[in-house]
Amino acid sequence: MIAAGTIGVVVQDIVRADQATIDALGEFGVATVHEAQGRRGLLADYMRPIYPRARVAGSAVTILAPPCDNWMLHVAIEQVRPGDVLVLGTTSPSNAGYFGDLLATSAKARGCKAMVIDAGVRDVRTLSDMDFPVWSRAVFAQGTVKDTLGSVNIPVVCAEELVNPGDIVIADDDGVCIVRREEAATVLESARAREANEAAKRARFEAGELGLDIYDMRGRLARKGLKYV
Amino acid sequence: MIAAGTIGVVVQDIVRADQATIDALGEFGVATVHEAQGRRGLLADYMRPIYPRARVAGSAVTILAPPCDNWMLHVAIEQVRPGDVLVLGTTSPSNAGYFGDLLATSAKARGCKAMVIDAGVRDVRTLSDMDFPVWSRAVFAQGTVKDTLGSVNIPVVCAEELVNPGDIVIADDDGVCIVRREEAATVLESARAREANEAAKRARFEAGELGLDIYDMRGRLARKGLKYV
Amino acid sequence: MIAAGTIGVVVQDIVRADQATIDALGEFGVATVHEAQGRRGLLADYMRPIYPRARVAGSAVTILAPPCDNWMLHVAIEQVRPGDVLVLGTTSPSNAGYFGDLLATSAKARGCKAMVIDAGVRDVRTLSDMDFPVWSRAVFAQGTVKDTLGSVNIPVVCAEELVNPGDIVIADDDGVCIVRREEAATVLESARAREANEAAKRARFEAGELGLDIYDMRGRLARKGLKYV
Amino acid sequence: MIAAGTIGVVVQDIVRADQATIDALGEFGVATVHEAQGRRGLLADYMRPIYPRARVAGSAVTILAPPCDNWMLHVAIEQVRPGDVLVLGTTSPSNAGYFGDLLATSAKARGCKAMVIDAGVRDVRTLSDMDFPVWSRAVFAQGTVKDTLGSVNIPVVCAEELVNPGDIVIADDDGVCIVRREEAATVLESARAREANEAAKRARFEAGELGLDIYDMRGRLARKGLKYV
Amino acid sequence: MIAAGTIGVVVQDIVRADQATIDALGEFGVATVHEAQGRRGLLADYMRPIYPRARVAGSAVTILAPPCDNWMLHVAIEQVRPGDVLVLGTTSPSNAGYFGDLLATSAKARGCKAMVIDAGVRDVRTLSDMDFPVWSRAVFAQGTVKDTLGSVNIPVVCAEELVNPGDIVIADDDGVCIVRREEAATVLESARAREANEAAKRARFEAGELGLDIYDMRGRLARKGLKYV
Amino acid sequence: MIAAGTIGVVVQDIVRADQATIDALGEFGVATVHEAQGRRGLLADYMRPIYPRARVAGSAVTILAPPCDNWMLHVAIEQVRPGDVLVLGTTSPSNAGYFGDLLATSAKARGCKAMVIDAGVRDVRTLSDMDFPVWSRAVFAQGTVKDTLGSVNIPVVCAEELVNPGDIVIADDDGVCIVRREEAATVLESARAREANEAAKRARFEAGELGLDIYDMRGRLARKGLKYV
């Protein structure tokens, strides 16, 4: 694999996970998948969706871009296959508006489902009307240039998390979670187990039972020294 | 009263304000109540609701929790009486997702009306569907552990404001305001006076009158030296 | 023109741009206008609307206000003409709630279309019900005093951008953009050209053509050294 | 005790801890005292000293001040006894420069040892020459007014921690830690035990022994599943 | 004067204040000058010196620069006259390292006394050894490009304050303050009066007199309702 | 290589770069090395040294740690070889004080030269007296626990940059830069060329020549449209 941070490379033949697995992970959502893989994989909490109730799951097509320069987005869109999610990290922090309605139109026409960008996005009203979700660190109209190379489909750091091309991106109102492609099947299994367990618990909680009893916590709390007064 | 910052204590018999007073304060909302008590009581402005148009008023059941550890939430839910609001401060800053749909289900089953948390929340789409409002400093799916004691129903600092158990919590789109239980009746009276006064003013403003005239400001402005050019 | 930062002055006879030009610029929105004038004029990205899908364009009535003191807002509202937008900068940073429903009622009665404030706003639910949009750095109920002079209709720095009285304010979900009054006609022409150009491109993008081809980028990328692997 | 947040009150006869205990706690410094009292009592990490290598310990004379208004500092200085530390919290966030060389001269003349202020400080070069240390959230020259009452010697929230008048303030390069007056003797004992324990450990670490062995961690790590590859 | 925000212009014949006035203002420092001109003129508090105890006063040579592009610095250095201070604002936020030891060597050779930059600086150890002070928002080594025009010697917004070419820049450990060239003589006079007044006060404070008495505050405090308990 | 984010693994036999190469890179410092490798490799600008004028270069021993849990630091110190630099990233953001004087004593005894930590550090006065430099995001005394596994010597994200075990860490007053081990020789060669080039330029700048002439920029500026007025 090309090293993270390499400049000037486009990898064309990335491996993607099985679509059924991706879709199944998407059903569980960010919080469950994050727990199912051992509390790993979350992007930083400043990554927020541009409108509520969007949910996506797809394979990452990754972009490493210079600050205030969105040239590589055009290069990346050619690499998109239906169902992919674009994931952009920068070589230096930037809140500029790398992505707007024209690029979204192009990406959508290639089958792209969403954009995850550790920078700014613009035209958010139009993107909302198009139902093209974006998770970003900023909404900012600041225009960018097209002067400097980055790379496409190499490992990138996006919002403090490493994302490899072909990793699975899960995103919803809670944020964004990355699942390593090689671990997808295992994580799915674990998510199913967790969800089944939670469903049973939920019914007991709804009936008014307490977590103290459901999880049998009282003894351990007492041993730690908890005092009721 | 147990001192703020005490670890390992659960106070069970907290005193709550009269429900009619709480409800009446809730009608006025955060901005009016804050003014009515002398511009005091606001939590920091980073505390935002997870969805718009939620409004609550209730008695505080307070939680002091360690960073990234939500064990005390389970302990606290047992102390909830119908109409209460959970208020969580941490012993050290954390944006982890202490609270999600399972805990909300449990809290709701006990009659809890809302959560105010100086940390993160997750499952926000489900919480929105449940109509269970949360005011938080972050939306973040980061899981927590259950290893270290905190306390329940002692005075806690939440979002830069002291909250005592049994204090009244008012929250809406403007944020969160705390009313000391002992002052509730006085504040309510003051809020009523303020609202009555504002209603009369509103009609005059709607008719196009200026604050300069309604509040008779022109003379004082001139004496301070304001020049029209 | 009065110098930026002057205290204690109200300028009454500011020059406004032609209403048709203002309206036409408003149709294009923030991102297009920002690009059309050479990527200039944006307020900082922390300026967010209090509700989605608001769009306004108007002439700036500017306010320089002390921290935590909203007296000058009353002075400014007298200077509003129908179609104006209030723009407030502070002499020192403040997130206090300078503006709420009473002032909005007054401003609206005078024909004011919106508020742009580098500080806090409150009563946001009522403002939303009134359909009176505000772009602000914070939602915060903190009350202000009326003790210290500022100025009205002098040049002010608002959210890191200079705004002159009579400049044109364009605001939407992407943020806020300022157009100098003297440049309004030129920028409008440029925005029209840009939009026409984009409309043609949009159709090609929708049809699945790539930016790489539409903008003829492949050769330049290769000359810069981009490698496909 | 007067309730936190009360406006317009000066408490004159606060109780202070024994000076020998205060001095002894000061010898241990912030990190040790924080641990010795169960990892409690730290002010937020944005509180930084204005010059390196300052160390103080003293009794808190507390100030609640309005935003951008330093009137109460003058009131508080009259309440200072030799060895005290001024601690200022605000009713709403402010980075204004409440404290400078004149006030420091006055405070020092009364025997005040330091200032801890959840706002701004100015004249920091002169303060450094005077060897009068300040821990603050900002260095900012912004002037303040003297118009609105606050309180002196009531409980205040300063940098996210509650401080009662007479609590012990420990401050050094690591930040600021508060010890409840009533717990001072216990915490001192615990700090002594901790320090003695650490001194023994330090010699072993210097000799190249590993924490893995000193604290006998290998077995627990293995049981948790740590793999060496 | 060229309008703020104009791109592609270098103004060569800016007017500077009298050197004696500049030097005299520099003696007073940031806090005093800021007060002397009515609490105006401060740059944002995030502007910090790269080493302690630097003090400068000079005429502003202003630079408007694109994000991550330091080309205009080279253009500006040609415009420097001995005693000037470079002041750089950006068209969009950037923390990149626009300025380092080579540019400082060049600027110093032309007589430049300091740099004030609303972005990043690098080589700070060498700059410190050269005794060339810089006030900046960040220390960051991130390299910049030389591709896009900005302007030199037009009005720029730097750290939330407008700076005109030829304005006087005062900077020390407290931050940076701007004095309008036209107001320099008046501000100097006011600073002298303030300093004289403060010198007398300082002696009384050192002797242990209280501000409550020196400023005769007790009556006004009582009338506002302050209670001693 | 073990995948980034893997929990519960300690890699013992990492490959380090040649010591002479590491030392030679260290001579150039962060800014030069960053430029020499194509403007890559910088950690975020919030990573600041705890005291000025520290400079180090060494091989990275990497640590992935849970929030508020420093157990893995003890595990990592056993893996240190003389000349190494510890680099810690967290699985979720934390500003807790993972590292203080005892751990520094242990690390130093094993030959460790410095700590780079995307979290908090404490005992900074003692660390300074020990001349053990630390680059961190915070100085904070908050204690940590030893309950949850992380990993040692796997790839970690630290301050927004990927760091592999054995990568070369260069740190000075400008911040921290990472050089991939495999690229060390090439980067060193490039740094040497850059430094030689700069030395020649420095002499010309000192003599008063302008960058406009040294870099022959005037023609390109004119073609871009720069106007002198």
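Going by the order they are written in, the chains are A, B, C, D, E and F; count residues from 1 in each one.
In this section, a residue touches a chain if its C-beta (ideal position, glycine included) is under 8 Å from a C-beta of that chain, and two chains touch if they have at least 3 such contacts.
All of these numbers come straight from a predicted model, not from anything done at the bench.
S.K.: Provide the labels of all chains in contact with chain E and in contact with chain F.
M.R.: Correct list: A, D.
S.K.: Chain C and chain E share one sequence, so how far apart are they rotationally when you fit their Cα atoms? Give it in degrees, rounded to a multiple of 5.
M.R.: 180
S.K.: I want to confirm something about chain B and chain C. Since they are copies of the same sequence, is their interface symmetric in residue numbering (over half shared, so same) or not (under half, so different)?
M.R.: different
S.K.: Can you compute the centre-to-centre distance for chain A and chain F, using the mean CA position of each chain? Integer Å is fine.
M.R.: For chain A versus chain F, the centre distance works out to 27 Å.
S.K.: Just curious, how far off is chain C from chain A if you go by their C-alpha centres, in Å?
M.R.: 32
S.K.: State, to the nearest whole Å, the distance from the C-alpha centre of chain C to the C-alpha centre of chain D.
M.R.: Each chain reduced to its C-alpha mean, chain C and chain D end up 43 Å apart.
S.K.: Starting from the mean Cα coordinates of chain A and chain D, work out the distance between those two points in Å.
M.R.: 41
S.K.: Counting only residues that touch at least 2 other chains, which ones in chain C make the list?
M.R.: Correct list: 39, 42, 45, 92-93, 95, 142, 148.
S.K.: Which of the chains are touching one another, listed as pairs?
M.R.: Touching chain pairs, listed by label, are A-B, A-C, A-E, A-F, B-C, B-D, B-F, C-D, C-E, D-E, D-F, E-F.
S.K.: Please output the residues of chain F touching chain A within their complex, sorted ascending.
M.R.: Per the touch definition, chain F meets chain A at residues 3-5, 7, 38-42, 44-45, 91-93, 155, 157, 160-162, 180, 182.
S.K.: Considering only the defined contacts, which chain A positions touch chain B in the complex?
M.R.: 29-31, 34-35, 39, 42, 45, 48, 52-53, 172-175, 177, 198, 201-202, 205-212, 215, 217, 221, 224-229
S.K.: Looking at the complex, which residues from chain A come into contact with chain E?
M.R.: Contacts found on chain A: 66-68, 92-96, 142, 145, 147-148.
S.K.: For a test of understanding, state which residues of chain F touch chain D in their complex under the given definition.
M.R.: For this pair, the touching residues of chain F are 2, 8-12, 51, 71, 73-75, 77-78, 95, 97, 100-103, 105-106, 109-110, 120, 122-125, 128, 138-143, 146, 148-149.
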